[in-house]
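As written, the chain order gives the labels A, B, C and D, with residue 1 at the start of each chain.
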Amino acid sequence: MYIMKRKIKKIGVLTSGGDAPGMNVAIRSVVRTSIGAGLSIVGIEKGFRGGYDNSFIELNSRSVSGIINQGGTFLKTFRFPEFAEKTVRVKVYENLKKTEIDGLVVIGGDGSAKGAFKFSQDFDYPVVLIPASIDNDLYGTDYTVGFDTAVNTAVDAVDKIRDTATSHDRTFIVEVMGKEKGYFAIEVAVASGAEIAIVPEVVVDWNDVAETLKVQELMGKKSSIIILAEGAGKAQELASFLQDRFPNRQIRYSILGYIQRGGNPSYFTRVLATKLGSVAVEQLVLGKFPFMVGVKGSEVVYTHLKKVVSTSKLPDMEHLDLIRKMSI
Amino acid sequence: MYIMKRKIKKIGVLTSGGDAPGMNVAIRSVVRTSIGAGLSIVGIEKGFRGGYDNSFIELNSRSVSGIINQGGTFLKTFRFPEFAEKTVRVKVYENLKKTEIDGLVVIGGDGSAKGAFKFSQDFDYPVVLIPASIDNDLYGTDYTVGFDTAVNTAVDAVDKIRDTATSHDRTFIVEVMGKEKGYFAIEVAVASGAEIAIVPEVVVDWNDVAETLKVQELMGKKSSIIILAEGAGKAQELASFLQDRFPNRQIRYSILGYIQRGGNPSYFTRVLATKLGSVAVEQLVLGKFPFMVGVKGSEVVYTHLKKVVSTSKLPDMEHLDLIRKMSI
Amino acid sequence: MYIMKRKIKKIGVLTSGGDAPGMNVAIRSVVRTSIGAGLSIVGIEKGFRGGYDNSFIELNSRSVSGIINQGGTFLKTFRFPEFAEKTVRVKVYENLKKTEIDGLVVIGGDGSAKGAFKFSQDFDYPVVLIPASIDNDLYGTDYTVGFDTAVNTAVDAVDKIRDTATSHDRTFIVEVMGKEKGYFAIEVAVASGAEIAIVPEVVVDWNDVAETLKVQELMGKKSSIIILAEGAGKAQELASFLQDRFPNRQIRYSILGYIQRGGNPSYFTRVLATKLGSVAVEQLVLGKFPFMVGVKGSEVVYTHLKKVVSTSKLPDMEHLDLIRKMSI
Amino acid sequence: MYIMKRKIKKIGVLTSGGDAPGMNVAIRSVVRTSIGAGLSIVGIEKGFRGGYDNSFIELNSRSVSGIINQGGTFLKTFRFPEFAEKTVRVKVYENLKKTEIDGLVVIGGDGSAKGAFKFSQDFDYPVVLIPASIDNDLYGTDYTVGFDTAVNTAVDAVDKIRDTATSHDRTFIVEVMGKEKGYFAIEVAVASGAEIAIVPEVVVDWNDVAETLKVQELMGKKSSIIILAEGAGKAQELASFLQDRFPNRQIRYSILGYIQRGGNPSYFTRVLATKLGSVAVEQLVLGKFPFMVGVKGSEVVYTHLKKVVSTSKLPDMEHLDLIRKMSI
């Protein structure tokens, strides 16, 4: 990470990739910190796509009133694979120059980290990333903006499903977020008191799942919940596999899907988004880039985007162990 | 409906069919009203199945403490198709006799209504039904126990999905409860501000859905929500049909599934369950059977089970019209 | 109620008095129904005060996007006692005339009903009232917009307090909305499983409250909840009275206060607001005034404002009885 | 911290002091970890009081089924000042001996820490503390069990109050938990977007509060929220002070009170309680005492109870600064 002296007077802010609860809170913090520091602040709509299309809007303190409890992002977001092409990035760069935007705060997940890093490298352009993703899969921070909210939403849903599971003595497979990572699924499983969690990082033989259910049944468990990360298998297939093994049990499945993305941000998400939004602007002004702001415990930490995009974050394997210990 | 003079001293209560939020509240009311009236009260586990298996538990006022805010049913429920066989019903009747249970309060939906009616006819046995079902599909009551809670759960889920829909300018198809009836879907659609509702009672050409979306787009709507009752089509198929028509739009779908069944009962559900539980016992003691207790506005009404099982309830078509009016 | 033929081309809509959840939903429905009927629609800010101050804003379909799940009222509301003066009403009338507003939809409670009625009488001016109030204290409708949401909020709060009450074997007095009416308190009490409800309509000797607690204790109840309508006494005073009587018990109190006004409107509130907003406009155009739209069961009903302002609505005394029956 | 070799075969678990959401989850974890490790586990009702009164109950895995989403504590809790007397502690010790309980897991806040420490010192008795308190005021852990849930409850309440504040252009003072510490109030203020936070650790001249409001008004803020920790002043007094200064403003106040204690535990609280419950048992068995288990970031940390009871935890002053930055 290197420090450069260039005067930043106008900052652009955008949300990119999949939406996450708390993106609005992060924008609010970036906007108000910028205004408070005497900078101009411009919203770029639909992520980098808006940079390409010249969708810029001047923002002020009142532009972000009343959004602290709103899910989603009022600047809108977009998956913009074309940004991988150099010509597209050049166009975005030129538009930023024309608009006199001197630095960029990007709010997004790992795809956005890659785009932001490339863009910063191409043009030696000041960029800071605020990690926002319901997956919590970014290296360099204990938590991403949106994760705590999304897990709470999923846990709340599993609580409801457990009402039905218990009332009918059923076994439920609940498919949750997590195409490549099991962090989300593991946390949902611990918090919802699930009997089993299946995640992409750990290969699981479905016969072992059946065996575990059998043992738990002997211990007096009449209903059970299996949390399945979407990248670790199909709920429907696991359900029909288990139904074959246990013809007398009622096996059901549920796919939580998009409800996990939305909703009123939780306390933790709001404080995290506010804190990271504020330090992102402060560090950008100091000339520090390209990096991601994050937290380690209660400390703010900075990680070079090169490291962020090249390092994989592992789920908490001790929590997998906790699930096993609690399922007796 | 005829009145008989026979002395009821011990009542049995059971929950049957699909679980619904508020079943616990109805049990609580039946138990405490019975105790208050000097009757004995016995819980029958797993619906009629428990009558067959002799799963009886003596209940008292404290047995139902602390369950008013619990989803599901602590007496458990069961789908028991074998109850359609006369020999099975005879066994249940004999078990009730042996246990000296003089009358039955059945808490359940339309399947339970059929079983309860048949059972009452077979043995001239006192039975009252408390309508509990998230579908609100029983003739003879404005609302069933659980319906208000389930719609609130679904609306809350659609609110979350709308956050994502709006952030990405997407069209979402949300599949909700309703295999044969659209009542649930229509209410969810009005309350969530959905642009379109598709229900089993009204045949819809998907080309018309596409046409409606096109018109709404011209009016400035960038994202939209379509509520689809599960019995009116498959969300996945409609999504792929619409995606073909609108290649530049992002069409997504979500199936709410089992989360709609569980959860802390709402105010309305709790009051309804308490009121109906209480009058069910009072009327049973007066010798009135076989009937269903229900509400019409703020009045309690009674409907003979013959009428309940033979009459179809129609959804509120004016509400379908409301959806259209609001989607401009 | 008499029907007049005058051509209505532009409607004004305002929210007045205390805010209630669902006011935004009612505005949305009024606006879109008006637009759909080819009318112009103008928002008047801060209730009748905005009519006095010429705070008019043109509204269109997009003005009310994304507010169906927002508490409060974006048109703002105001208590405006000056509206009782004739000169003030004349000024408002003249401003409406100048702005070419031909009719008014007023969204509010009983104070607003009085103002709306007077205004309509003074100038033979077309006015319709949509009942919106968390108290549900308006004659002519089973439910007001906001009531269902507010009761759910209060019940949710009492559920939380019961966790503490049970953990400590405490008695809690919870003061809820209701200066003159006990409807709200009674519904909260039934739904939260409270042991006692005290309301303005029924004089209660606190010695009897103490006696009831003593009896319930003998029946095995170690903790209890008393719901007190704010107009029926002070929670603090009742707490200290009971503490004197039961020195070994832990008596606590909590005043729910303003949290009961806000929040995301419930399903029931949203559907009610949408339905009433729509029929209000339709009837106004037909020349029907001055009346209130309301519901009786699932039917829409109309009541002349003279009757609304002069008739008192009684709480459901059978529900008081239910509380007693359940508290054993 | 010293390690002793004594064989632990039976563990006692109790909850003590003010209740906090997640206490049930911690009990569940202690119970199941104990059973899994081959130990016997005994629940002690009403905290140390139950040790005095011989209120012991044998627990097994099924005893803690279905409580992961229940607020409060099923073992009940009690404030037991008599425990400060040596003779009382001796009696408790003898009862534990008689019951053959070899070690104690205490779930509670700072009062419980003091009692637990003294008890362990008196008899060289193995005791571990799981920090559970909605105040988050214990030295030795980033978070206590219950804190995250309670802040979410308070933030949710302030969101509702803001609906009313905005609809009426009002200023609201919201009094929240925190007799001696401002940690809770500060987090609520950041997360709810409050304009001002007043905490016990920082002396504030109310004239400065008035001044700040005046400045914010000039910047276009028409409504505002002031979060007041209960130990930093009386909401009612501040309200009347400000009303005198701003006769044209509508100043209101609300005291959140006991609702902050209860409720379904949040994801974060549940995972924390599960993790700490598990390591508490594991370390106790290893002979490590008397200490508190806690977290620093994602790491589990151990702090000697002497240090816990003698060190004060400071609130996050940078978060106070964040509130100021965001309130423009």
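One rule holds for everything that comes next: a contact is a pair of C-beta atoms (placed from the backbone, for glycine too) under 8 Å apart; a residue touches a chain by one contact, two chains touch by 3 or more.
Just so we're clear, the structure is a prediction, and the values are computed from it rather than from any experiment.
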{"item": "Chain D and chain A - chains in contact with each", "value": "none"}
{"item": "Distance from the mean Cα position of chain C to that of chain B, given in whole angstrom", "value": "28"}
{"item": "Chain C and chain D: spacing of chain centres that average the CA atoms, whole Å", "value": "36"}
{"item": "Distance from the mean Cα position of chain D to that of chain B, given in whole angstrom", "value": "40"}
{"item": "Numbers and ranges of chain B residues touching at least 2 other chains", "value": "159, 162, 166"}
{"item": "Chain contact topology (line, ring, star, complete or other)", "value": "ring"}
{"item": "Touching pairs - complete list by chain label", "value": "A-B, A-D, B-C, C-D"}
{"item": "In the complex, chain D residues that touch chain C", "value": "15, 19, 21, 23, 70-73, 76-78, 153, 157, 159-164, 166-169, 172, 252, 254-259, 261-263"}
{"item": "Complex contacts: residues of chain D adjacent to chain A", "value": "28-29, 32-33, 35-36, 61-62, 66, 68-69, 142, 148, 151-152, 155, 159, 162, 166, 187-188, 190-193, 219-220, 264, 266-268, 270-271, 274-275, 278, 296-298, 316, 318-319, 322, 325-326, 328"}
